[in-house]
Amino acid sequence: MFRNTYDSDNTVFSPQGRLHQVEYALEAVKQGSAAVGLRSKTHAVLLALKRSTGELASYQQKMFRIDDHVGIAIAGLTSDARVLSNFMRQQAMSSKMLFNRPVPVNRLVSAIADKAQVNTQEYGRRPYGVGFLVIGQDKSGPHLYEFSPSGNSYEYYAMSIGARSQSAKTYLEKHYKSFEDASLEDLVRHGLHALRETLQQDKELNENNTSIGIVGPASHFEKKPVTGESFRILENGSVRPFLDTMVAKEAADAPAAPAPAAPAAPAAPASGDEDVQMAE
Amino acid sequence: MDHFPTNWGRPRNDAFDAYGTYPIHQRPQNGPKDAFVDGVQRTQQPIVTGTSVLAIKFKDGIMMAADTLASYGSLARFKDVQRLFPVGDNTVIGAGGDMSDFQYIQTLLDGLTIDEFTAQDGHTLGPAEIHEYLAQVMYARRSKMNPLWNALLVGGVKDGKKFLAFVDLLGTTYSASTLATGYGAHIAQPLLRKAVEGYENVLTEEQALKIIETNMKVLFYRDARSLNKYQVAIITEQGVRISESKTLDTHWSFAEGIRGYGAQTQ
Amino acid sequence: MTSIGTGYDLSASTYSPDGRIFQVEYANKAVENSGTAIGLKVKHGVVLAVEKLVHSKLLVPEANRRIQTIDRHIGLATAGLLADGRHLSNRARDEAANYRETYNSPAPLKDVADRLGLYVQAYTLYSSVRPFGISTILGAVDQDGPALYVVEPSGVFFGYNGAAVGKGRQLAKTELEKLKLSELSMREAVLEAARIIYLVHDDAKEKDFELEISWIGPDSGNLHVHVPKDLFDEAEAKAKAALETFE
């Protein structure tokens, strides 16, 4: 029934000192559609690819607002994500209540990481099946973190998680040095380019399947008023101006100045995409 | 957390966690409870007390002062007690009221600063955060009918901003450029306002010290629970300095002629 | 390990016929796969250093710490599962805070190590939990001066003058034994620690790594903090130079 003797539950080390159940949980993250995060001196942004189960269904939710200064993008089990993001909201409120201080982002991420660690060490539980990219802003500027079911969390300049995220990572590794000084528009464009790498053939990013999350000063592309520099999620029509800055794939490898508005891509019909599946 | 493995798992508390959904370290204690917990009495009055604390804003930051007396009723019981307490690098709190409650608050804040220090992530608690925290603690305690019997001043400077605020045993808070607790709220506060308001960004350290000294002197003349030894805390962008105790130079010869003051027989 | 796969190695609550607890031994394997961590107890203080293996160049340097602070005067470095290290350091903070609450004085390191040993040991008793996949170096300057302990996955702990855990511990121990630790100043110890970490790092096998050093002692105001930038840079530069002459 099992792939090996040591993977049936999470309280067992393999002879190599590995935790197979935890490693399988990391696979659950890869079942979800991809999310990408990037950071500059002034902004942190998230981009995510939404799936839908069919033409009659809405698209999934990939981003959650935690507090004015923090937001997350998820890949993996959405229900686990909702539990964890609820916890993060509680932590954020508690910090406001106790100290009148927005919770430092790193502590928020560590808090869920510590929670996840417990699930890797006790019998009768499973590790969380979801990974987060967390962006936020605090006294030390904008940040991007990755949280994973193993209970680890890291801070990155740029990162991607979810299905085919390795391709996005390759793009980010190639370009990350230019992110630090990039404008918001350039940062999002890089993010979209990275996200595009995770698409299946013949698919493309469009208004329906793309979410953008931002912390930092507003872009001139944003129509809705932004209070301060707080976290907001752009979807549907609001994503359009950013999608229009994308450069065709062959040309994009030489990242020149932001290209003029690309020819309006036809709004692709919401084709029945494969959905996140919890079990076979 | 419960660090006795024998308490782990069963028998679990069905009333609280019937399905064992809590991680081990968050589960409630299943052991015996304190049998006297329902018979405990709450604080009804302070016992060993400190009197006024004064604080003002000046050009470079905040100046706070308190004498070093802890009284037991009308007895001048402890004459070398520090009532000014630094919290982190940017903040000082000063306390009047019950000194044992104040000592408890100090341990509370010490624990808090250690938590903050051990995070080692560049985030620190400033005066505003500490004041908010104290306000929550004081209000929560009074709502349990078990107040911490103090009036506290919180002063500090962080990120170029001066902060000075008050919180008391009821959880009442307010902020002003001059503050005083206890007897000082009646006697010194009007004098402080006159000397400081409008000059918060002008007064030099020397001038501020002079204002504080004058007011401590007035308080020593008029407040029977005060002492002629006091300390001054100066909080600036550079950090916190708390002085050794200074002695006030006062003259009591005038008292000879006043009825009720000296050794008159009628 | 002949008993592998016989079923005696699936739970921490099971002995093998020859009296071993395999799950604890496997936990040690998790430690052996991780970057090296070392601790030096010298004349006036303690220095901790780790070889932090960098799994991606997208990581923000210096942001992802592997040396934790437990109390003002206590530092902790782990080798093994990173998340377990955070769990144990949170526990250590609770213990140190609890000691303060009870005795109103900073915890002696021996007491913290003792309590952590008990805690870690408890995770070797039950099938409902797994042992900690970490070895922990604790360093402090307390009432009795500098102190250094290592807590292992089995729950045992020993005091050391120089300690090394993780992948490169053998070579690191050899290097530590060559030093006259009790005569070193804290600054010298920082330089030696950097040199040893650079020495034990296996360029051929491993990806990139980041050096992390902390200290406690008079030089740091008896607080456990990461070493200042200028000293760190000096130590790293000298370590690199020493490596070239070594080869």
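First chain written, first letter: the chains are A, B and C, and each begins at residue 1.
Everything below uses one rule, namely that a contact is a pair of C-beta atoms (placed from the backbone, for glycine too) under 8 Å apart; a residue touches a chain by one contact, two chains touch by 3 or more.
Per UniProt, the chains are A, C = Proteasome subunit alpha type; B = Proteasome subunit beta.
Bear in mind that the values here come from a model prediction, so they are computed numbers and not experimental data.
Touching subunit B (Proteasome subunit beta) and subunit C (Proteasome subunit alpha type) together: A.
Relative to subunit C (Proteasome subunit alpha type), the chain whose mean Cα position lies farthest away is B.
Chains joined by the most contact pairs: A-C. Spacing of subunit B (Proteasome subunit beta) relative to subunit C (Proteasome subunit alpha type), judged by their CA centroids, is 40 angstrom. Centre-to-centre spacing of subunit A (Proteasome subunit alpha type) and subunit B (Proteasome subunit beta) amounts to 45 Å, using the average Cα coordinate of each chain.
Centroid to centroid, with C-alpha atoms defining each point, subunit A (Proteasome subunit alpha type) and subunit C (Proteasome subunit alpha type) lie 33 Å apart. Among all residues of subunit A (Proteasome subunit alpha type), those that touch two or more other chains are 118, 122, 124.
Residue positions 128-129 of subunit C (Proteasome subunit alpha type) are each in touch with at least two other chains. Within subunit B (Proteasome subunit beta), contacts with two or more other chains are made by residues 24, 119. Subunit A (Proteasome subunit alpha type) contributes residues 5-6, 10-19, 110, 113-114, 116-118, 120-124, 150-152, 154-159, 169, 172-173, 176 to its touches with subunit C (Proteasome subunit alpha type) in the complex.
Chain contact summary for the complex, subunit C (Proteasome subunit alpha type) toward subunit A (Proteasome subunit alpha type): residues 1, 4-5, 9-12, 22-23, 26-33, 56-60, 63-64, 81-84, 86-87, 90, 123, 127-133. Within the complex formed with subunit B (Proteasome subunit beta), the subunit C (Proteasome subunit alpha type) residues making contact are 65, 68-72, 91, 93-94, 96-97, 100-101, 104, 115, 118-119, 122, 125-126, 128-129, 223, 225-226. On the side of subunit B (Proteasome subunit beta), the complex with subunit A (Proteasome subunit alpha type) involves touching residues 20, 23-25, 119, 121-123, 125, 128-129, 132-133, 136.
In the complex of the two chains, the subunit B (Proteasome subunit beta) residues touching subunit C (Proteasome subunit alpha type) come out as 1, 3, 5, 8-9, 24, 107, 110-111, 114-115, 117-120.
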